[in-house]
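First subunit A sits with subunit B, and in the next complex the same chain sits with subunit C.
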Partner chain A sequence: MKALLMWVGALIGVAGILLLAGMILNVVPSSAVRLVEGYMPMQMLFELTCFVAGFAGLSYVMSAMGMPFPRFWQGIGFWAFILLYLKYRVYPPIPFSVRAMYGTVSLVAVFMWVSASEEDWKKFKQPIMNVLDAQTGMNKLLRYAYLVLLPILIGGFSYNAMMPKSEEPIELRTVHPAPPASTKVHGKTYTLQTSQNPYRVNQEGKYDQEYTNANIVEQGMGRLMKPNANPWDDKNQGYLKYVREGGEIFFQNCHFCHGDNLNGRGLHAFAFNPIPANFTDPGTIAQLQETFIFWRVSKGGIGLPNEGFPWASVMPPWEQHLTVDEIWKVILFEYWHTGYYPRTWD
Partner chain B sequence: MMDSITQKAGIIAAAAFGVVLVSSAGYSIVSAQGLPEGFKKGDLAPEPSAEMIEAGKRVYFTKCVWCHGVDGAGDGPGADRLWPRPRNFNQGTFKIRHTASGELPLFDAKKPVPGQNDLFETVTHGLPGSAMPPWEGILTEEQRLQVLSFVTTQLVKDRKFTDKQSETQTVLQLTDLKPKPATDESKKRGGELVVERKCVECHGMEGRGDGNAFNLKDDWGFSIQPADWHKCWNFRGSRQDPYNVANIFRTFSTGVNGTPMPSFADNTTVDERWDIANFVNSLCERDSLGNPLSIDPLTDKPKINFVIPSDMVEGEIPTDIGHEAWQKAPKRYVAMGGQITHKPRNFVNRIDDIWVRSLYNDKSIVYLLEWDDRTKSVAEGKLPWAPTQVNIDVKEQDPKTGEEGSIAAHQNNYTVYNDAIAIETAVKWKELPAPIKPRYLFGTNDQFPVDIVKWEADGSLRAFKGTGWDKDFEERDNYEESMKLLKGEWKDGRWYVMIQRPLGNKKDQDYDEDTFFEVGQYIPTVFFAWDGHNGDAGRKMAVSAFFYTFMNPPIPRETYIYPAVIAVGVVLLEGWVLTRRANKKKGKTL
Partner chain C sequence: MAPLTGKRVFSIMALCMMVGLLLLPIVIALPSPAIGEEAPAGDTAKKDGDKVEKGRDVYYKTEGIVVGAPAPKTTDGPKDYPRYNFESRVLIWFANQQHLYYGSFVLAVPIFCMIIEFMGVVTKDKALAKRYDQLAYDFIKISLTAYSLTAILGGILIFTFLTLYPAFFGYLSSIFRPVMHIYALMFVAESGTLYIYYYGWDKMKEGFLKWIHLSMSVVLNIIGTLLMFLANSWIGFMMSPAGVDEQGRYLGNIWHVIHTALWNPLNLHRILGNMAFGGGVVAAYAAYKFLAAKTDEDRAHYDWMGYIAMALGVAFLIPLPFAGYWLMREVYAYRQQMGITLMGGLLAWLFIIQATMIGILFLSSNYYLWQAMGRMRGAEKYQRYIKYLVFLLICGFLVFITPHTMVMTPAELKAMGGQQHPVLGNFGVMSAKNGGINVMITTTVLSFIWYMRGNKVSTVSWAKFGNIFMGVFFACAYINIIWLAIYGYYIPANVRVGLSVPQVATTLSCLFFMFALNSVMMRGAKQMGPIEWGKISVRSQYALIMLSTAFTWMMALMGYIRSSVRLFWHVNEIMRDNSPWAYTHTVGFAANMISFNVLFFWISILFVFWMGSLSAKKVPVEARAGIPGGVPQPAPAAGH
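Up next is the complex of A and B:
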């Protein structure tokens, strides 16, 4: 039973390594196994777990077959694997400085693993000692090679590091800065704690969070509307009617950046930095109150505090283009289309 | 009797003329069955099931209706502010196909196979350069097939995908046709063929889409532009794989239905088509080593590097683009979006990228800006506003106008203003703690202004101070005299503009309104571009994000000395380790 499990693990390990190698060498397109939007961290953890299990199986199977993989190379190989995984698999790419941090942490972890017991540590350092002692011809050769290569490599690296470079400065921006207590739009003051979306109403025209939440699109692949809640039905009253009106405004104004699927990949998005918000990401509107969105939409990029980079954001202050009613309707549509409930204060 | 003879002669003459017309391209190439080379007869796909169609309706009314409209007439709420307009499905006219010109595209609700299902691939990969996004990863394969089942049966109204009486399928066998290696010879022949087959009449002598930029119309009467072969990532049929020559081969073989782009299957051999495809593909922008640019999978456009490095030259900065210094200077892709922040917003910007290079010497810095613009635009007569004016009277496109008033209908009907380009840099950037900058759109206020250098197609080069998005520019004293326009030329669909400006020093310039450039520092830089034939003026323009101008410092001597010292140190360290180990062992064995 254990052997079988280990075999399965080994197969997973080999398949994973081949896939990663393929991606690094550009044989397998990096989109072959897609990272599902919004679930990236979970997927990454799952993949890494698979890899670790796979490696354990692989190591077991190899020693069972009489070709044990030396502890020294296991340690180095695993560390190299982590670095390559972070560089080539994780998307969007992580900046080098962050990868260096992860690399250091995993190096420490690998050291703790190989030095867990005195015996392990001995096994690990044995190959190093062998080369130092140079008892065999091969080790002698290796020793001289290291003697020559190490200074050259280290000298080369430091030359590279000292060459003047022009890498883009890293600038960290707060995507959702703290909102003000109230905001004045078209001459009227809205208190963010107490304001409500006037269009979040049921068929009778009463504010009804439950009713509207029941009529948003279904979560899950595709995020489609509920079969009997089509905003394009002419008989609609209340919520769904306003969703459609909000959608019309969205597709006349907002989709240019935020995209036809509200995922921040609109027509002009490629040119802008910071990139437009992705509303389908569980980290944006799903985490925020409707009134926060109302403030962000009305005041736009220019209304952000400094930590939000008001100088670079192209988000329009929508009070210049839309009425208050139109802004509320667009917000209503954004929650409908993504299938998220706005956060509430309680 | 006489009459009948003349009549007959007339008919014969007419018939002969007809034959000449049909084969007017010189000669036609058809295989034994009368099909163009590379094509085979195909069967019409079966009708999708009623369940598929019903399920597809749900997808359509969640995702598609907003642009394509309730009846699929391409008139949804978003349509009037888009160019190209969303597809009108009613006529069954589809652009990207494997089928012969005029035929319906391939669609089979049960066969989501690349190369055998055109509409499925269009929905999967989107149509780059238009508002149609790739739906892969958003809709499942099943959902994509469902929505297409709905569209092809319910919204295509003038034709029927299953009607054997009226529809045929003549399918390009693209998977069986092996691409010809892109040798120099093949590309050369392709280059000759595009002239011979008159491709250049529309696509322009350099393939920048400037050959017939004003008169082309699609089937619905809207202006349409020939593709710019240098931006393969904007090819509608690029299938998110822009440097793949097979996509060009396919478009060239089947034509683009609903547009003036014909199929060339009847008058070119497969071999010739590969030559042409290889040539067109070779024109697409590549890096300095000739490799394809890396494409960002999130945007399907080239990846952006936000630093514009400027190399130092000794003496005068050359004005000839062919000069070695310019050839060696790194070239940066600057992506441009429409200015959609303040009125009048520019929903359709016809300039979507600029290529920037820079050089400097001890006194000046020079920017070389190149961008594709199909139309050279110079305003006729004097513009009705001062060059400093920002809040000028240019109307923004209304959201709901109907087809006649839409942006698509306005193309090539705008009042023509000057093509123009501007470089905006931060003034007193050193006093702003990073990452703070003056606002990208004409500066923050009087305290954090920007330095704007604007060139216009009338040949003027002006310097302004910007203090806010809605504040008129201020003239800067004396600065214009210290600048120099080294080049301002439009050739075959591309502008080449070279602007020289002083690096800045306290003696000759004004610290409070001119940008001072310093070696080894990141200087915030934004680019603006105006296309005069798009009615661009004032804030109706294209904008870039923040870039940085970075003047590469000369390499200091330490860069060579320290690594050598370190290497020697490592050698000493190695000696120490080895001796220690040897001593330890000796101690043990003794």
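Up next is the complex of A and C:
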């Protein structure tokens, strides 16, 4: 049973290596095995889990066949695999800073694995010790080669690091700066901690967070409207009616940049750098109170506080174009459409 | 009943004196609120006839009679901000951090002593009991030298405040005036108790007297903890002021001033943090001594010492993230913008660094435990599975450190097609991070359990069932934690925040139930071989040093984050910082400053250790046999 499992694992490992090699050589596109929207993060972790199981199986099978793969090369190979996986498998491309973080952590992981027991550690460092001891002609040659190559490599890195570059500098952008305690819109002051969206009401017109939460679209594979919760049904009153009105305002004013799918990829989006906010991402409106959005929509990029450095937002201060009611309604629509609940406090 | 000897009388008197010292500040404090509330009000009434000015508490929203002056409106100049030709804030930062390091150390070590001394008292193995007692004594000896340094650094801190920030310090002192003398008296009580505890060690080492001595350590720790609570009330007030009106005028209720929105979470976080830090420092001391040891006996002793210190430190490290989570939750509840500045805005990058440091702590602890299995015969059966634990830990770690807003060049931003990465962006939010840290903690618990049963084979009749049950329990725990992390994306934020409770409960269930079950299963277990103390790889000792360095670095980092979240306020929304340094430092500068503080602390603590070693007495060799696991074997040069 164990041998069978290991064989299956080994096959997965080989398939994974071949697939990745294909992606690196551009024979197989990265999207050949699709990252499915909505499941991407777990899919990535699942793939990595399969690879670990696969490599464990491969190692077992090779040992059983009398061709054990040296521990040293196992460690180096696995680390290289992770680096290549992050660069060639995951799309869109991961920024270098994050790959560097992941690469460093993976290197630590490999070290922890190969040195967890004394026996493993001895196996791992044996090839290094062999080269340093240089008891054979080949090892002697390798030692001289390292003597020459390592300084050149380090020199190359230093040169590369010191060489002036013409790339645009990296920006540490604060996407969601802290809001003020209150904001004044059209002559009225709103306390952000306590204000509420006046249109989050049930059919009787009473403020009802639970009712509105129950009528947002469902997330998952695409977004689906709940049965009997179609805002474009003229008979609807209360929340769904205001969602429709908010939607009309959105498509008259906002969708050119934020996109008709609210993912920040509107008609004009790629004229801006950075492109407009993607409301479907769980890190944007899903993390924020409605009053935060109210403040940002009202004041726009020009109203960002000092903390919002480098103020990379071209959003107009919508208070100059919309009424307070319209702003609240459009916010209502954004949450409805994305299927997210605004942040609330107990 | 044993006769009342002179020693007994002396011991009981000493204990009574300690309790008296403990109660003294409280007794003195009793009239203080009354003074604060009534006497000045009476004075005011006399002066202004029946007119008394009332103000509304900025936090409690209660009305109170104004008895203090408003917070000073400072201006940039030598009057309010006298200075040397150097950034005053950096000087105060340095003085504060060093005082905090030593303060934490001297508060944590007596708690360790109390625990270890208690273990010595209840242990039936006399040789082992003696070793525990000696260990506790060694700890308190180190603490004593550090205590003097803490007092000196406290003095330096106050002088720095008085010299560089007189207006601010004057205001804060005026607010805390009713308890200032209690604070000072607590120091006296702490010092007195500590000296009696230390110098009474040899006189009270047997029987009933030992219990008296142990009680003294309890009193000592109560005083120390109260002292810390009072100190915490200052920073709590600066972050989330209460007991004053909008102008910062004291309203006469000192309890409101102390008991601010963030006081309790800060208290809990600091107790746990101090303990973990203290464990780390002592473990690093033991690691250093292990690496420098010339004999097998010394190696065995310091290996054991490092293990005990690490175990105690990690025991407090495990609940630390939960306490931190509570603190952050209270910060958000107190001021949303403060929470966003911390975790989503200006200081969010520092939190990524913090997550990295937390990860390093757990990685180091696990690595140490895996290395420690190497000194047990029979633990080999677990070692082949370590790679899977590494994988679990690293997956948790990677999720935990993934930033939500990534550092990238504009070209990378364009290639990514937006500010958020569709795959990794999901790891950048709290739901995923809660899952990540709980996976790491649960894995640490699993490593501990493997370590505990490393050289043992259970002999209970239901051992097989017990092992399967444990395996299933852990598997279910991982599934539950990961499932809840995913589920968190599909529910309202306020419910999502509440999901941390079942996640934490799952982790703690693993901790308590599995430890308990494992202990029952291993009762009377067959020993495969002794623990060969001293026969541990040198890598394990570097892991301990890494652990403690990460603790110190993280403490400084979190202190900086907590302090800088006030942005341009001395006292949040009450007293504005109008000095030229009322801006937030760059991440790079802060990291350098933190590193400098860490380096200075370690250099100075080495001096403290050296001082402690000057009066070190050689431990009788006969006691070594009592080290759990038996007599150490000659250790080969392991791990080179």
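Note that in this section the second predicted complex is superposed on the first by the 269 of 346 C-alpha atoms of A that agree within 3 Å, B and C clash if a C-alpha of one lies under 4 Å from a C-alpha of the other, contacts with A are read in each partner's own complex, and residues count from 1 in each chain.
One rule holds for everything that comes next: a residue touches a chain if its C-beta (ideal position, glycine included) is under 8 Å from a C-beta of that chain, and two chains touch if they have at least 3 such contacts.
Quick caveat: nothing in here was measured; it's all calculated off a predicted structure.
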{"item": "Which of subunit B and subunit C A:P310 touches, first, second, both or neither", "value": "first"}
{"item": "First (subunit B), second (subunit C), both or neither touched by A:R223", "value": "first"}
{"item": "Which of subunit B and subunit C A:E171 touches, first, second, both or neither", "value": "both"}
{"item": "Which of subunit B and subunit C A:N261 touches, first, second, both or neither", "value": "first"}
{"item": "Which of subunit B and subunit C A:N273 touches, first, second, both or neither", "value": "both"}
{"item": "Contacts of A:D133 with subunit B and subunit C, given as first, second, both or neither", "value": "first"}
{"item": "Partner chain(s) touched by A:P92 [first = subunit B, second = subunit C, both, neither]", "value": "both"}
{"item": "Partner chain in contact with A:C50 - subunit B first, subunit C second, else both or neither", "value": "neither"}
{"item": "Subunit A positions touched by subunit B in one structure and by subunit C in the second", "value": "37, 92, 167-169, 171, 173, 263, 265, 273"}
{"item": "Footprint of subunit A on subunit C - complex, ascending", "value": "332-333, 335-338, 340-341, 344-346, 348-349, 359, 363, 366-367, 370-371, 373-374, 380, 383, 386-388, 390-391, 393-395, 397-399, 401-429, 431-432, 486, 489-494, 497-498, 537, 539, 573, 587, 638-639"}
{"item": "Subunit B residues within the subunit A interface of the complex", "value": "58-59, 61-63, 65-67, 70, 76-78, 80-81, 130-133, 135, 137-140, 143, 296-301, 304-307, 309, 335-338, 340-343, 345, 347, 349, 352, 399-400, 434-440, 444, 469, 520, 522, 543-546, 548, 550, 552-553, 555-556, 558-560, 562-564, 566-568, 570-571, 574, 577-578, 581, 585"}
{"item": "Partner subunit B, residues of subunit A touching it in the complex", "value": "30-31, 34, 36-37, 91-92, 132-133, 146-147, 150-152, 154-156, 158-159, 162-164, 166-169, 171, 173, 217, 221-225, 227, 230-232, 247-253, 255-257, 259-261, 263, 265-273, 300-302, 306, 309-312, 314-317, 320-321, 337"}
{"item": "Contact set on subunit A toward subunit C in their complex", "value": "35, 37, 40-42, 44-45, 48-49, 52, 56, 90, 92-98, 101-102, 105-106, 108-109, 112-113, 115-121, 167-181, 192-193, 213, 219, 263-265, 273-275, 277-278, 281-284, 286-287, 289, 292, 307, 341-346"}
